[in-house]
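Order of writing sets the chain letters: A, B, C, D and E. Residues in each chain are counted from 1.
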Amino acid sequence: MFLARVIGTVWGTRKDEHLKGFKLQFIQPIDRRRNDVGDPVVAVDTVGAGPGETVMYITAREAVIPLPVDEAPVDASIVGIVDRIDISE
Amino acid sequence: MFLARVIGTVWGTRKDEHLKGFKLQFIQPIDRRRNDVGDPVVAVDTVGAGPGETVMYITAREAVIPLPVDEAPVDASIVGIVDRIDISE
Amino acid sequence: MFLARVIGTVWGTRKDEHLKGFKLQFIQPIDRRRNDVGDPVVAVDTVGAGPGETVMYITAREAVIPLPVDEAPVDASIVGIVDRIDISE
Amino acid sequence: MFLARVIGTVWGTRKDEHLKGFKLQFIQPIDRRRNDVGDPVVAVDTVGAGPGETVMYITAREAVIPLPVDEAPVDASIVGIVDRIDISE
Amino acid sequence: MFLARVIGTVWGTRKDEHLKGFKLQFIQPIDRRRNDVGDPVVAVDTVGAGPGETVMYITAREAVIPLPVDEAPVDASIVGIVDRIDISE
């Protein structure tokens, strides 16, 4: 999983029918110091993350697992909200 | 999902038979400010995106899900047309 | 799918038995202006592409779909020969 | 598999139910000289790696295989602790 | 498939049980001129490659196909030893 910060929401009415009903968050990947890295990703959110929260997200085929359907054209999902990171070095 | 802008169409007569009948769009990945990032990708389009429109696309194995076939040698598909992005920071 | 130019052929006698009988092309990924980007990839060719031709190729699990076998340790396949790209911007 | 060093632990109470009960390590990818490369990744740990240890980790769909469940929204898992690397050049 | 040169071997006693019995090679990805590109990868070897040899390797889910088991937490496998590359440009 990678870390990201929720920075917005993406809206579109013409989309694949499997995507209907899912909230699409716009998330900015971040590094361990919470600096931005790379470009934002559009991710399905089933944990109810809010703007500015640090989240863990997954990519690829696993991204459909949190969804209550058998398959969906989804390749990024938010799977948790990060409360704390303990760095041991 | 990632964001991209439709910049053209790709044509080829000699291709895998599973690809026949699908429209192949040439899409340019973009960042949150809609600037180009990286190189264009050839994506199957089932939502009817037009030139210049901002789209969401998926990659990898999920890319075949929007298609009306069981399997196809496809690794990028347009899954939605973006109407609006709300940035909350 | 991504664009590439066929630049050569890769030969090896000691290889996984699932790979035997397939032609392995050495392809150079290219951008929209047909300039080289990144490093060449070894791809299975089932469409009969020749040296110098522009091709579309796929990666990951879908790469086995064009092959006449149920599974093969293949992660890149040429799926079409590009005749023309229409750029609309 | 890639090499990484365990640098911390990630905590979150609001997460996908499939993730509950798994230890989430924060790991820093490293190169052959054990220098940091790229950004840390959040990986599930089933081998009991400790802080500072060099580990091998896998990504993508295979990452769920070490887990005692059929499926989980996991895309990175620690699969071994590295004792020694013999360089032959 | 990508090209790499075998540069060493990785050893670890505490690892996922599915990995036991497989030789783990440390391979350096190379470009068409056989220069190093990027960082080394840990790959399962079922073709018996030796130090310094040029190999083809695959990544992702296909990487388990060369193995004599149904599943394994493996995401990189050596699938062939390269004898010759003919460049046609």
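By our rule, a contact is a pair of C-beta atoms (placed from the backbone, for glycine too) under 8 Å apart; a residue touches a chain by one contact, two chains touch by 3 or more.
Nothing here was measured: the structure is a model prediction, and the numbers come from that model.
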item	value
Graph separation of subunit A and subunit C (steps between touching chains)	2
Copy-to-copy rotation for subunit C and subunit D - C-alpha atoms, rounded to a multiple of 5°	145
Euclidean distance of C-alpha centroids - subunit A vs subunit E, Å	32
Separation of mean Cα positions, subunit E and subunit D [Å, integer]	20
In subunit C, residues with contacts to at least two other chains	60-61, 63
Complete ring sequence of chains beginning with subunit A, oriented so that subunit B follows	A, B, C, E, D
Partner subunit A, residues of subunit D touching it in the complex	5-16, 18-19, 24, 26, 28, 39-43, 51-52, 60-61, 63-64, 71-76
Residues on subunit D engaged by subunit E in the complex (per definition of touch)	1-3, 29, 31-32, 37, 46-48, 56, 58-63, 65-66, 77, 79-89
